[in-house]
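We just call them A, B, C and D in the order they show up, numbering each chain from 1.
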Amino acid sequence: MNAPVTVRVQREDFDLNVEVAKLSSGRADIGAVVTFSGLCRDEAGTLAALELEHYPGMAEAQIKRICHEAVERFSLQAATAIHRYGRVAPGDNIVLVIAASRHRQAAFDGASFIMDFLKTSAPFWKKEHLGDGTTGGWVSAKDADDRAQERWGADK
Amino acid sequence: MNAPVTVRVQREDFDLNVEVAKLSSGRADIGAVVTFSGLCRDEAGTLAALELEHYPGMAEAQIKRICHEAVERFSLQAATAIHRYGRVAPGDNIVLVIAASRHRQAAFDGASFIMDFLKTSAPFWKKEHLGDGTTGGWVSAKDADDRAQERWGADK
Amino acid sequence: MSTVNLVYFSWVRERIGRGEETLDVPANVVTVADLLTHLKTLGEEYETALEHQNVIRAAINQEHVDHREPIAGAREIALFPPMTGG
Amino acid sequence: MSTVNLVYFSWVRERIGRGEETLDVPANVVTVADLLTHLKTLGEEYETALEHQNVIRAAINQEHVDHREPIAGAREIALFPPMTGG
């Protein structure tokens, strides 16, 4: 498989159209493009911002591993994953995943697989800043995310 | 559920950014946005264009039914479906589905559900125009699409 | 006798040779299946279009129905092949 | 004795009070688990940070490893809580 994989870890926001165009323009063999955007929720108004910490170097390397695994497993034609770090406000983008393939199921599965592994095995941590000016502490890992990863039966 | 549902059947292309912004801007309760874009493939260079015929009125009504069903079933916060008709060239967009929700699984499932039902129960038909100037005939319905719909266990 | 508005799509339309028409149907045409059987008596183009009767999909007033559905009171009856949207 | 470069993230970093450091470790520190046990002898901040040893995740040279992994030859060892990306 020689499908293009694009991975970036960046402070700035991303542009959905630009990223989809990069991955699909000039080719007519792609039938399905699935994008996943993960956004910062305000948690019913209590959250002022999330601060995203990451492990530079390993974050990129680990996301690349996950994307290449998805490309191989679902025969994707292309995959993109962009993860932001730093401070993000409610409504802001946190993460973008794009999977392209000939048929829709592979694109859905590929994007979903990448997200499940990003949640549990990409070195990012989220700290909450609350609307009252205090720090809400670090977001805990969720059992549900571990189970979501485990359903793929992989060892990563 | 009072989640906004946007459905359009149109000749013109759509813009991913514009449609995602319409559905998510100004709200901070959405955590996940999944988009599906279906594109016209060139079938290894043999296809010149697809001509999409639809049943005006019923097409919109049927897609609305499917989207409302998805909103209810997966507690989506918003859903959009845009289906083009007329002539589309390889690489062009055919269909866009967007599902928004608090958590990622519902957004993935919602978009996937809408696509599966669009394939089998929205009144559209595709005619192939081949690169050699001849008409390749009407695209046949696929058993795989019927099975994809049936896995949701619904009757629509 | 009653009058029905019929619309056709895709190769059903092409084989019948028109996209819509208004027809009088005899009183013994009760269901969609009866209608299909009746149409096939109207000429070769209908016979060709509706030959494989079980693959023909029908909608009454823009909602999917199966072939056992009564057509009484229908404003619009659509006949078409399996859909290939998306 | 050997020298290791350590990096810490999230609340492990906050509790230890620094993001990285270079430490000399005794020869009997063979695995990640040995390293964690050793660090906990270095002061209260380490004890607090690494108290629930089983939840601490480790990476050697930027790849995930489990606590039984030998650390010999590691250029960089990272310790951090369960990840919450995405």
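Criterion: contacts are C-beta pairs under 8 Å (C-beta built on N, C-alpha and C of every residue); 3 or more make two chains touch, one makes a residue touch a chain.
In this text, all values refer to a predicted model and were calculated from it rather than measured experimentally.
**Q** Please report the smallest number of touch steps linking subunit A to subunit C.
**A** Minimum number of steps from subunit A to subunit C: 2.
**Q** Give me the chains shared as neighbours by subunit A and subunit D.
**A** Chains in contact with subunit A as well as subunit D: not a single one.
**Q** How many angstrom between the C-alpha centroids of subunit B and subunit A?
**A** 23
**Q** Can you compute the centre-to-centre distance for subunit B and subunit C, using the mean CA position of each chain? Integer Å is fine.
**A** Computed from C-alpha means, the inter-chain centre distance equals 26 Å.
**Q** Rounded to a whole Å, what is the gap between the Cα centroids of subunit C and subunit D?
**A** Distance between chain centres, rounded to whole Å: 73 Å.
**Q** Just give me the whole-number Å value for how far the CA centre of subunit B lies from that of subunit D.
**A** That gives a centre separation of 49 Å.
**Q** Would you mind listing the residues of subunit C that make contact with two or more other chains?
**A** Within subunit C, the residues that touch at least two other chains are 86.
**Q** Quick one: which residues in subunit B touch 2 or more of the other chains?
**A** In subunit B, the residues touching two or more other chains are 38, 104, 115.
**Q** According to the definition already given, which pairs of chains are in contact?
**A** Every pair of chains meeting the touch criterion: A-B, A-D, B-C.
**Q** Any idea which subunit A residues touch subunit B in the complex?
**A** By the definition above, subunit A touches subunit B via 15-17, 20, 24-42, 44, 90-91, 102, 104-105, 107-108, 111-112, 115, 148.
**Q** For subunit B, which residues are in contact with subunit C within the complex?
**A** Interface residues on subunit B, with respect to subunit C: 38, 53-55, 57-59, 61-62, 83, 94-95, 115, 118-127, 138-142, 145.
**Q** Show me the residue ranges of subunit D that touch subunit A in the complex, using the header's touch definition.
**A** Contacts found on subunit D: 7, 9-11, 59, 62-64, 78, 80-86.
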